[in-house]
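In what comes next, chain A is part of two complexes: it sits with chain B in the first one and with chain C in the second one.
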Partner chain A sequence: MTVPGTGPGTVKTPAPASSGSSTRHPLFTPPARRFMRGWLALAVAMALLPLALRSGYQFTVLNVVAVNLIVVTGLNLLMGYAGQISYGHAAFFGMGAYGSAILSTTHGVDPWLAMGVSACGVAVAAAAVGVPTLRLKGNYLVMATLGFNLIVDVILVQWSDVTGGSSGFVGVPPLSVAGISFDTDRSFYWLAWGVALLLLIPARNLVHSPVGRALRAIHDSEPGAEACGVPTASYKVQVFVLSAVFASLAGSLHAHYLGIVAPKTFDIFKSVEFVTMCLIGGMGSLWGGLAGALLLTVLPQMLGVFEEHHDLIFGAILLVMLIFMPRGVSPWLRDLLKKGLGGGKRPGVSRDSRDSRDRGDGEVRP
Partner chain B sequence: MTLLAVRDLSVAFGGIRALDAASFTARAGAITALIGPNGAGKTTLVNCVTGMVRPDSGSVTFDGRDITGMAAHRLPRLGLARTFQHLRVFGSMSLLENVMVGLHGHVRTGMLSSMLRLPGVRRTERAMRDAAMQALDFAGLSGRADEAAGLLPYGDQKRLVLARALVGDPRMILLDEPVAGLNPAETHEMGGLILALRARGVAVLLIEHDMSLVMRVSDAVVVLCSGAKIAEGAPGEVKRNPEVVNAYLGGGEEFGLHA
Partner chain C sequence: MPPDAINALAQYTLSGLTTGSVYALLALGYSLIFNATGIVNFTQGDFLSLGGLVLYSLLVSQGLPIFAAFPATILLVALAGALVERVCLRPARSRQMIILIFITMAASTLMRGLMKQGWGKLPLALPPLSPEVPFRLLGAVLTPQNLWVMGMTLCGIAALAWFFRATVTGKAMRAAAADPRTARLMGVEVERLTTLSFAFAGALGALGGMLITPITSLSYDIGLMLGLKGFAAAVLGGYGSFAGAVAGGVLLGLFESYGAGYVTSAYRDVLVFGLLILVLFVRPQGLFGTTGRRA
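Moving on, here comes the complex of A and B:
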C-alpha cells in the first residue's frame, strides 16, 4: 500500500473529502486486518489438525494448550499491554474451576450456568483484590498477587467440606450442547479451541481500540497517560478484572473437561507458569500468547523421554530462549520474517534513519 | 478574562513549606510565565493545578470552575492540558499513537464497547487519527507519524509532547520547562511554537528557567520565591523589580541573567 520513502508529502495532505479508504494512514486497520488473516489461518489449521492426530493423548495435550491459551490471552492484556504483572492468575483459574465444580456437582446447577456464575464471582473478587493492589508497582504488585494466590490455595486445601481438600473434588459433569456432550478428548477439542479462538477476537478488538492504546500508554508512562485524560486507576482495575474472567472461564472448562479438580493445579507455581508463557511467547502480542501456551505445554510433554532429567533440560531451553529471544518467540519470529523478506519494506523505524538523526548527544538528557 | 486563578495555595511536605499562600491569575489567550529560582515551588504549584498534588489549603479555579484536587485525568476534557519536564513520552508507541492518546479524555469508549468493536469505536478511531495528524503537523512532525517515539531525538520529543497536549484543542496548555536541554536553535523554534499556540487562541502557562525565552514570548510574568509570589506584571517591569533581582542574585546586580 505504501511506497517506501514516501515521507511528509503524502501523509500531510489533509484530503478531507477524497475517497475514504485510499487516503487512510498506513498505520491503522492493517494490524487488525492482518490479525484476522492469521486468525482464520489458525482456525482452519486447528479444524484440520484432528485428521492428522492419532492418539487421544495428542488431543489431551492440545486441549490443555487451548485452556492455557485462554488464560494467557487475558494475562497478556494485563501484562503485555497494560504492564501490570500478576502472579495470582492461577487463583482466578482455580476459582473458576472450583466454582464450576461445586455449583454443578454439589448444587446441581447447569454446567454452563455454573461457568457464568463463577466468572461473575471471580470478576467481583478480582475487583476487590485489584482496587488496593493495583496502586502498587513492580515487585510490590508481584508480592501482593502472590500473597493472594497463596491465600486462595490455602482455602482450597483447608475448606475440605466444600472443596474436597487436598485430594481434590471429583465427579464434575461435562459440558454439553443440544445433547452433544463434550466428555471425550476428541469432542472437547472442538469446544476448547472454539472458545479459545472466539475469545481472541474481543481481545484483538480491545488491543486495536483507543482503550487498548491507552493501556499501552499506562505501560509506558502512567503520569503521562493520566495527563492525557486516561483514568489510569480505573483502567488498570478493569483490565485486571477482564483478565481474571478469562482465567475463570478457562478454569471452568478445565474442571468440566477433566471431571476432577485438585488444589495443586492452582498453586503459585501455576501462576509462574502462566507468566512464563506470556514472557516466552512475547508480551504485548496476542500471537505471543499462543506461542507461549503451545511451547510451555507441549515441550514438557516431549521432554518426558528424558525422565528424571526433563526439568533440567526444560530449564536450559527456557534460559537459552530468553537469552537469544529476550522479547519472546513471537517478536523474534516477526523480525526474522521481515529480514527474510528483504526488510525495509515499511518506512517505519529503520536503524539507518535513526542513525542519521542522532546527533551524538545521547537519547535522554536530564 | 481570567482563565486560571490560583488563590492562597499552601502545600507542606513534612516540615518543608513548598507553597505558602501563593496566588496568581492567568488570562485567556495569553502567555503567562511562572518563574523563580530553584526550589521556589514552581513544580509543586504545577502539580497542584494539574491534580497531581492535593493542596493543604487554597483553591484553583479554571474557566470559572473549581478544580482544586480534581483527578488529573479529568482536566484535559475541561480544556486544561499539560506537558512534563520529564516528557513522559510513550516510548514504545508511534508518534501518531502518542498524540492520539492525547485525545483520550475526549472520547467516550469503554472496555466493553471496544471489545465488541461497535461501529462508534471505528468512527472515533478515524476522527482521532485525523486530529492527531493535524497536531503533528503543527509540531512539524507529521512526516514521522509512524516512527517509534522512544527513538526520536530529545528535541523532537519535546515537540511531540506539545502536539500531544494540543490535540484536544485545550483552552490552556501548561508547559513545564519546554526548552530545558534544548540547543539555542531548538529553543528559538520552540519559542515560535509557543507564540503560534497563542495565535491559535490557546493560553499558555509557561514554567521556564530560560529568561531570554520568557522575555521574548510572555505577556505576563509571575515570580515565585520560597513558595510565595513576590512579583507579577509585564516582563519589562518584573525584570527591574528590586525584589526579583534580589531573589535571583542575592542583591545588588542588574537582573540580566543569561539572556
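Moving on, here comes the complex of A and C:
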C-alpha cells in the first residue's frame, strides 16, 4: 500500500478549477483528439471485422470480449487510477445479470428498464458496501471484497425460489430496439461493441479531468491527496460505485444475450479474472484494458482444446507474464505501435508519465 | 438445559474447535508470510491440499509407516513452499504489492493444475492417524482424529512459539519482520529468512492438510475454501499477529459451527464472511491487530 511520506514530489495536485468550464463535468468533456483517433480507428475496425468473420463461434467470443471490456473499463478506473483493489466485481456483474433476468422474466419488465433498474440497485448496493469497505487498506480490503463476493455467490445459489439455484435462471428475453431483436450472435455483436465503445468515452473523460487527477493522487499517496484538499473518502466511494455500475450493465447485457444466468459465472474466480484482465492489459490504461479483456477471453477459449490441462497452462502463462511483464502488455504494445508508425523512433522516449508510476508506490520489502 | 441441548452444544463446540484448529494453522501460515513480505499468499490453501495428497502417496502408494510419512510430508511441502518463493516471487520484476499477490494467485492456479495432473480429479480416501473408534465425551460423539487435529495443532503452535522465542533464527525472523532494514544492517540475511518463512507456511499448511483431510475428503482443490477461511481467520484476528491468527482461527471455527448448527447450514458461509465484514467495519485492524505502519 501507499507509504506515507514517499515524498511530496509524487503527489500530483489537482488542477485548479479555473481550467475552463468544460472541466466542470468530467463525464461529458469533449475527449482529446489523440484518444478520439484511437477510438475511431477501433470503432471502424470493429465495424469491418464482421466481414472477415466466418463462424458464429467467433462472434460469440468477441461478444464475451465486449462484455468483459465493459467490466474491465470500470474496474480500471477503480484499480488503475484510484489504486483501490476490488475482488468483488463479479458480484456486481452477477447482481446486474440476475436483476435483469428476474425483473424481465419473472416480473415482465421491459429488458431495457430492467437493465436500468438493476444498475440503480447495484449503485445503491455498491455505495452501501463501499462506504465502510473502502476505509480498509491492503489485505483487509482484499478480504472484505472477497467476502462480499462469497456472500453474494452463496445467496445466488441458495435462494433458489427466486434465482433458480445452482442450475441457473433460464428464459431471459433478449434486448430489442424498434423491432430489431439482439438475439443472435451477429446482432448482439453490434450492441455489445456499441455499448463497450461508448462507455470508453466517459471513462476517458473522467481520467483526464481534475477528478481523474485527484484519483491518481489518491493512488500515489492518500494522506498527500487529503492534504491537497481531495475529499479522498468520497471520491473513492464514487469511483467504486461508478465501476460497479459498469459491471452491472455488463452483467445485464450478458444475461439478455445468453438467455441464461448461472451462479458459477459470478464467483470469486470471475472477480479474480477481471482483476487479471486489468493487470495483464496494464493498469491505468484504458487501451490496456482492451488488450487484457481480449487476451484473457480468447486465450482460455484456445486452451479449451486442452480442457484437462487448463489450470496448468493458464497458471503457467499468467505466472510468467506477471513475473516478467508486471506492467502488462500495453506499454509493450505502445512501443511496438510507435516503432511501426513513427519509423524507428526510439521506444520509451516519449512515454506517458504514468508508466513510471509503478515504481515507488506499494513498495514491498525486502 | 435439557440433556439433548447440552449434547448438541458439545458436539458443535468440538467440531468447531476441530475446523478452527485447521483455520488457525492456515492463518499462522498467512501471518508468517505477511510478516516476511507484506503480501497475502494465496497458495496457502494449496499447501494444505498438497500435504494431504503427498501423505496419501507416501502412506498408501509407497506403503511407508505413518511415523516416517508424516514428517516426510511436512518436509516435502515445506520444500514446495520455499520453491514458490524462490521460483515465483524472487525473480518478479515488480515489487508492487498487487502484482506480487497476483503472482501467488497464478502460482495457486498452477499448483492446482499440477496436483490435478499428479493425483487426478477424483476424491481420495486418506486413512486417519489411528483406528476410528468413536467415543463419547459430554454427550458428543468424538473420533480420535478430532483429538489428533486439536493435539497436533497445539504441538505445532507450541513448536512455532518456541522457535520464535528461543532460537537465533527465530529471533532474526522477528527482527526482520519488525524492521527489515535495521535487521539487515545487523547482519540478518533477510532474503534467506523470507524463503524460510515460505517453507514454514508450507509446513503449517501440510500439517493442516494431513490432519483434516481424513475427516473432510481429499482432492486437489480441497484447500480452496479452507484457504479462504484461513485467510478470513487471519484477518479476523488481526493480520500478522500470531496470537490473533490462533484466536481468529478458533473463533471462526466455533462461529461457523454454531451458525451452521443453530441458525442455517445453507447460509453458513454468509454468516462467516458476514461476521468478518462486520468486525472489520467496527475494528478495521482486526480483533488483535494494531494500527501499525502497514495494514
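FYI, the second predicted complex is superposed on the first by the 301 of 366 C-alpha atoms of A that agree within 3 Å, B and C clash if a C-alpha of one lies under 4 Å from a C-alpha of the other, contacts with A are read in each partner's own complex, and residues count from 1 in each chain.
The rule is short, and it goes like this: contacts are C-beta pairs under 8 Å (C-beta built on N, C-alpha and C of every residue); 3 or more make two chains touch, one makes a residue touch a chain.
Because the structure is a prediction, the values reported are computed rather than measured.
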Problem - Touching partner for A:L198 - first (chain B), second (chain C), both, neither - result: neither
Exercise for the section: Based on the superposed arrangement, let me know which partner A:A47 touches: chain B (first), chain C (second), both, or neither? Expected result: neither
Handout entry: Which of chain B and chain C A:I85 touches, first, second, both or neither
Key = second
Exercise for the section: Using the superposition on chain A described above, determine whether A:V272 touches chain B (first), chain C (second), both, or neither. Expected result: second
Practice task
Using the superposition on chain A described above, determine whether A:G229 touches chain B (first), chain C (second), both, or neither.
Solution key: first
Practice task
Using the superposition on chain A described above, determine whether A:M302 touches chain B (first), chain C (second), both, or neither.
Solution key: neither
Exercise for the section: Would you sort A:L319 into first (chain B), second (chain C), both or neither based on which partner it touches? Expected result: second
Practice task
Answer with first, second, both or neither: which of chain B and chain C does A:V211 touch in the superposed model?
Solution key: first
Exercise for the section: Share the list of chain A residues that count as touching for chain B in one structure and for chain C in the other. Expected result: 358, 361, 363-366
Practice task
Spell out the residues on chain A that touch chain B in their complex, using ranges where they run on.
Solution key: 7-9, 11-12, 14, 25-28, 202-203, 205-206, 209-214, 216-217, 219-221, 223-232, 235, 238-239, 242, 284, 346-349, 353-354, 357-359, 361, 363-366
Exercise for the section: Using the touch definition up top, name the residues of chain B that touch chain A in the complex. Expected result: 50, 52, 71-77, 81-82, 84, 87-94, 96-98, 100-107, 109-111, 114-117, 121, 124-125, 128-130, 133-134, 137, 142-143, 145-148, 151-154, 156, 164, 168, 181
Exercise for the section: Would you pull the chain A residues touching chain C in the complex into a rising list? Expected result: 1, 79, 85, 132-133, 135-140, 142-144, 146-148, 150-151, 154-155, 158, 268, 272, 275-276, 279, 283, 308-316, 318-319, 322-327, 358, 361-366
Completion exercise
In their shared complex, chain A is touched by residues of chain C numbered 34, 37-40, 88, 91-103, 105-114, 116-117, 176, 180, 184, 190-191, 194, 228, 231-232, 235, 239, 266-267, 269-270, 273-274, 276-277, 280-281, 284-286, 294-295
